[in-house]
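Here the chain labels run A, B, C, D, E and F in written order, and each chain numbers its own residues starting at 1.
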């Protein structure tokens, strides 16, 4: 099994979520994060002092899926998250060795 | 008796007692107005809180700022221009001895109909000024009414109104639109004299501003919301409205309670004198109508949608208050409850209508609360006024009496006012915003709207310490609106 | 003199001066009451903020809504029923000339003791109404007191009270419990006449409502909290209380400052007339007692638990204010400081007692602040009243005098009031809630309580943009309460 | 006439009418002051909100608590000591008949110059007390002014002031620094008599407290901020200031609106009598100056830094209000606008100067708003007073007149006041804080400052439910300050 | 070493934390997340428009442990988190290659 | 590629971020978390009841980097995050199998 973690723009979350769910992946977990990248920060002022917010709001969306589903979900997320402007984010794929569904105790593939 | 100013302390003459009585009477009535000014001014806080609470956190500082700065802009504008246009030809008036020294300009007239005042610019400071306290307190009282009208508009246009475009609006409203309509109804203008000149009841009667303040503001908000267009993501491609929940419900409820508090002054002190004991009846009517509006709206939405939606309970309370503002002095408590309850139903229907049928995006319900119910309040007076108060109003001897008590003429006057205020405020602002949009652009950039007007236009976050206090974006996003523009498919250029 | 209304302007006759003096006097006293109404009304905002701030964010919109809607429910109920029961048999009263036109019903009596008024339902609108401004202003003044009592209860029952069950409570409180006890003390009822009829001092004296408002509210909250039971997770299986920290301390502090602000009107305007100069002494006593209560509670908890807990400083301020509410007109500033400081200590002890000994869950300290210190205020009057004010009170010639100044009879009257208010308010509400619970169920579902009453009962989140603004759950959770029910072990069914 | 108290009801004699007129006059003027007390008291809420909103969320409960508790500390201190020192030798005064019974102590004098009052400690409760309502209402009015001065200081010293060190400051300010300077200007002291004794205009004239309240508070804040030193991380090693954004902008804006609301009483009710009709002129001037200050500051920062920074718009409004506080009764509306606009520019310059040049860390701008503009307000009076009001002020027959209207002497008196208030308030507090720091330590521990004063000193989080509501740390961190101390390199001990 | 990440109900956090700590795992990191699964969302209203919150609050609890401890900790978390209703959450196990304790510079097993 | 996740004190975030960025790693994602460890909790009071906050605020900072960069970045983070007091946090290194840059569709090494 693989963990597919996408860092996307907050305003694309709804689209990404729908795309993933449409693929049949009901299970996913989302977290509000802040990202730094080649996207520039936002300059702000506070009582005369300038400062830059260079950690911009992003959404991390994680779905743990079967190995064979990885390509499709990457594709779906990419399509939904893409705006073609700097800051669209990244997708990271990493291995998951075991999954347990707490409610039933099921493990492995059936727990997804 | 020792406290009476007298040559022989403790034994004042009749003239001395009379002098003190006169001073105390005037002092008290001015004091009464001053408290009204305080209470009405404080409604700025109420509007700020309701509107900010009903908006999303990424725009919170921006919405709060418009509600705050409008007061400064409005106060200076009204001092410079608005007050003179509205009341500069009022002449002498019983509660303001001395007013004639300033407010005695020749009105701009067409036949018997007056359209604008002509004296008292800058309170006369730049020339013919006097320090007449009656004029000053009257100015203050009228200024806070005007600022209320102006601040209503910031709600309907919230979350996408460019701050630099909002400022000229404040000047336009405070110098032209509000004062002129106000002159017509309260300054001896053509609407006020519809009774004396043409026999329609007591002419247009609007006790504390259902039309002068609320409908002017609400219909201006409608014009603004239409010219601005809906917020990004408010309507789906097929026109279905999308819920964009406000970020702070307790804040909106606090704002509403503050507004009710302010309404004591708004309606109650509009007798302009503590010696007019009607104030207590007015306040009782006001509270009953607001309460009825709150419960009516709450129970209706509960029935319709399953939950007693706090945002509609809030709107219902305000709708009831707006509706009773014109008739509060002239109707019975029972009529007040009826007027308020109908306002509560009306506001729910209107919110749905504006959003689903007109497809206009009014984030806080300004059009429905202030526009629609301002109009309803004017009509309600024409129906429910029971002839127990207002003899002599607008120079007509009979007391103010509505259709249900036998005077259809009053209702006609009220209907003329409703049409006039809609045409005038909606029309003037529609044209103003359209021209301003062509010249300056009145809508915030898409990038700022997506990222939040706070970082974009204010340069600060409202809540920088809170996770999730609104996303930030970058100028490069301008081409895209959340959920509205389909992102290009990946394949098309990879 | 020019301002005096006169046939010969500038030279008024004695009769004309007298007429104006009379008008001004009445106008001023009504204006004074109107400002009291404003200030006391505004306490709704204070209660809303303190109670909401002391609760958790997942229930914030719900708690705020109960504090908001109670006003509407209470105002209409009191207008329809409560005011008539409380004051319908008051008869003529010096500050309200004309009241006799409405409030002259025959009281429900048993011998010399009166138990309920009988006239003025719907302010007489539905029949015998007049527009007597004195009656209207008096109605407004009493209505805001009643709403204060009702809104106290929402605090003690917060975070688990079903909204649909809360509404009938508002009617019950506003129509029955508050008005009848209020009649007994302020409307010429049997407690007020304990002095005239049975020689106990001036009968029960409660200047501004330590018992009529606060103890009625506080003991109703106790009944409600007991019938509802504690919030899920408030007590461990062994009965140890668990801290459930409030979600917004600055909000609670703002609420407290607003309450102090309102108390100027609550106590100060309870002279019912600006011509009674005692108001300034009353306000000074009020501020000193509140300050003493604040510091006493703060230093005590600092000593006990190591930190100057803001929530207890807030409760201490309020406790001092509640305690001085009955005696504020009758005691010296020094006595006020003593009464307030004792209230500050008392509220800390009571909070601990209610939670650890009674095992009652009172999220905001309503029982301790309003119930216990309402009772203490009544007793304090019986001890500290110094005989400098209140001659003629309740038809007894002597001024109000407490035990320390030689009149034990007054203390007995006060103790009778304390027992009565406890039995009446606690008892009536206990029975009411028990019956209501059997019929309708007054507690929110467990699922809603766990997930938050905001999504569950209000259909909106108070703070939807904030991460961590309270968890959401689903109906299916109903079987389980956080931390209370042991989840089944995994093995048992895997 | 029926309402006039008379032996033959309806036909009062001249003496009876005079008696009622006198009562009504006094009652009204006291009522006027009571409303002033309410409004000014409510500024506590404003200060609390502005200061808390401008600070970071991890200190929010702490900042709110200092602004809340200062009232209790100040009220009791001023009752015990301060009022007597300030007004104990005032003697009889027209609006407070009876005051002579208490406030007739022999002043502490050096020649013709008076320096302190000597009677009325504990309002005389502990001995020579009477229940004179005039004295009580005057006490209340002065007490809320004093508390305003004290609460200003909590802003400049916020986010690092140990709570246990803050409490003694409240006593020092309320008992010594404020009352004595106040005595000199308002209690017949040596500054007030600079005119009568030495011919400088009307002596020092400060209508409502630009110097007595605001400059005293602002310069005390400067002393405190200097002794405390900057917040951790406020300045980089090279002295460059770092932005530490406030956590809640709408909260700060609400606070500002509340402050404006309070200022109606602060300035308007400082006539001390509703019979002095100048109040309306004063309030109009106040609103115009505040509005001008708001817009001036907003446009200036917009020009300078590209955005209409809400925090500076807020400061500009307050700066305008502070500056007009001394001259509000004596200048024209146009002058008020000029004074306010200059205040708006001044506050921006001063904020930058204090931070970048003085390297003093004043989180909310207390020094610039209240200190600098308090001084500017005093000078403005010396320039713009137009001689239309204040004849007889401080025992000088001529009306108050400034340089631009021909009286340079008044300006000199004002300059003497500015120097005096700076030397006195800054000096006394600097010494006080230095000594207190040596004895007790006035700065919070570094660990608490990093983790937040809320968990550290208050024992509660302001917003426990919100993610990101401020980090928590542990005592062991004391050696390190965020960003200031370079952590040891890993290699040095691995 | 393994990373054990449990997505659980917020109201079970205390119980899960205690269970993990009782096993002797002092080190753990917690984050507020939102989850989508077979658990249904909550229907809300805003001024007449209905909407569904289908990302429900969950807590992510991460403990990095030695390989041999994985089974026990999964068991403990499961027991503590379980309510037998849909939405109890999942546990994911993934490999960790290196751990460094910042304060001491210790690495690997001793850093845990 | 490796995922380097550092749990650090909030007040060290700025320093850590700068250190990482100076190494040339522009891409990083940050999240506010709460941590439990050997660091003691903070005792608080609420209306007479004592309670301990034993989940203390921490920042999780994640950078996905090439294998050969891991040592340097660990070193940089450690230096910047270290205060020598208990609670300085930990760094976890885990494998990443694939990275996709959403905007361009690039994958693998070039996507970083």
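Basically, a contact is a pair of C-beta atoms (placed from the backbone, for glycine too) under 8 Å apart; a residue touches a chain by one contact, two chains touch by 3 or more.
Predicted model, so just to flag it, every value in this text is computed and none were measured.
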Chain pair showing more contacts of the two, C-F and C-E: C-E
Copies chain A and chain E touch via same or different residues, half shared test: different
Approximate Å spacing (C-alpha centroids) for the pair chain C, chain D: 33
Inter-chain centre distance, chain B versus chain F - centres from mean C-alpha coordinates, in Å: 52
Residues of chain B engaged with two or more neighbouring chains: 14, 17, 21, 23-24, 26, 28, 31, 35, 245-246, 305-307, 309, 311, 459-461, 463, 466-468, 470, 490
Touching two or more other chains - residues of chain A: 31-32, 44-46, 78, 81-87, 94-95, 102, 105
Chain C to chain F touching residues, read off their complex: 241-246, 301, 304-307, 309, 311-312, 348, 351-352, 355-356, 365
Complex contacts: residues of chain A adjacent to chain E: 3, 17, 21, 26-31, 64, 94-103, 105, 111
Residues of chain A touching chain F in the complex: 2, 6-8, 31-38, 55, 58, 60, 70, 74, 77-78, 81-95
Footprint of chain E on chain C - complex, ascending: 450-451, 455, 459-461, 467-468, 470-474, 476-477, 479-480, 482-483, 487-490, 493
Residue ranges of chain E in contact with chain B within the complex: 44-51
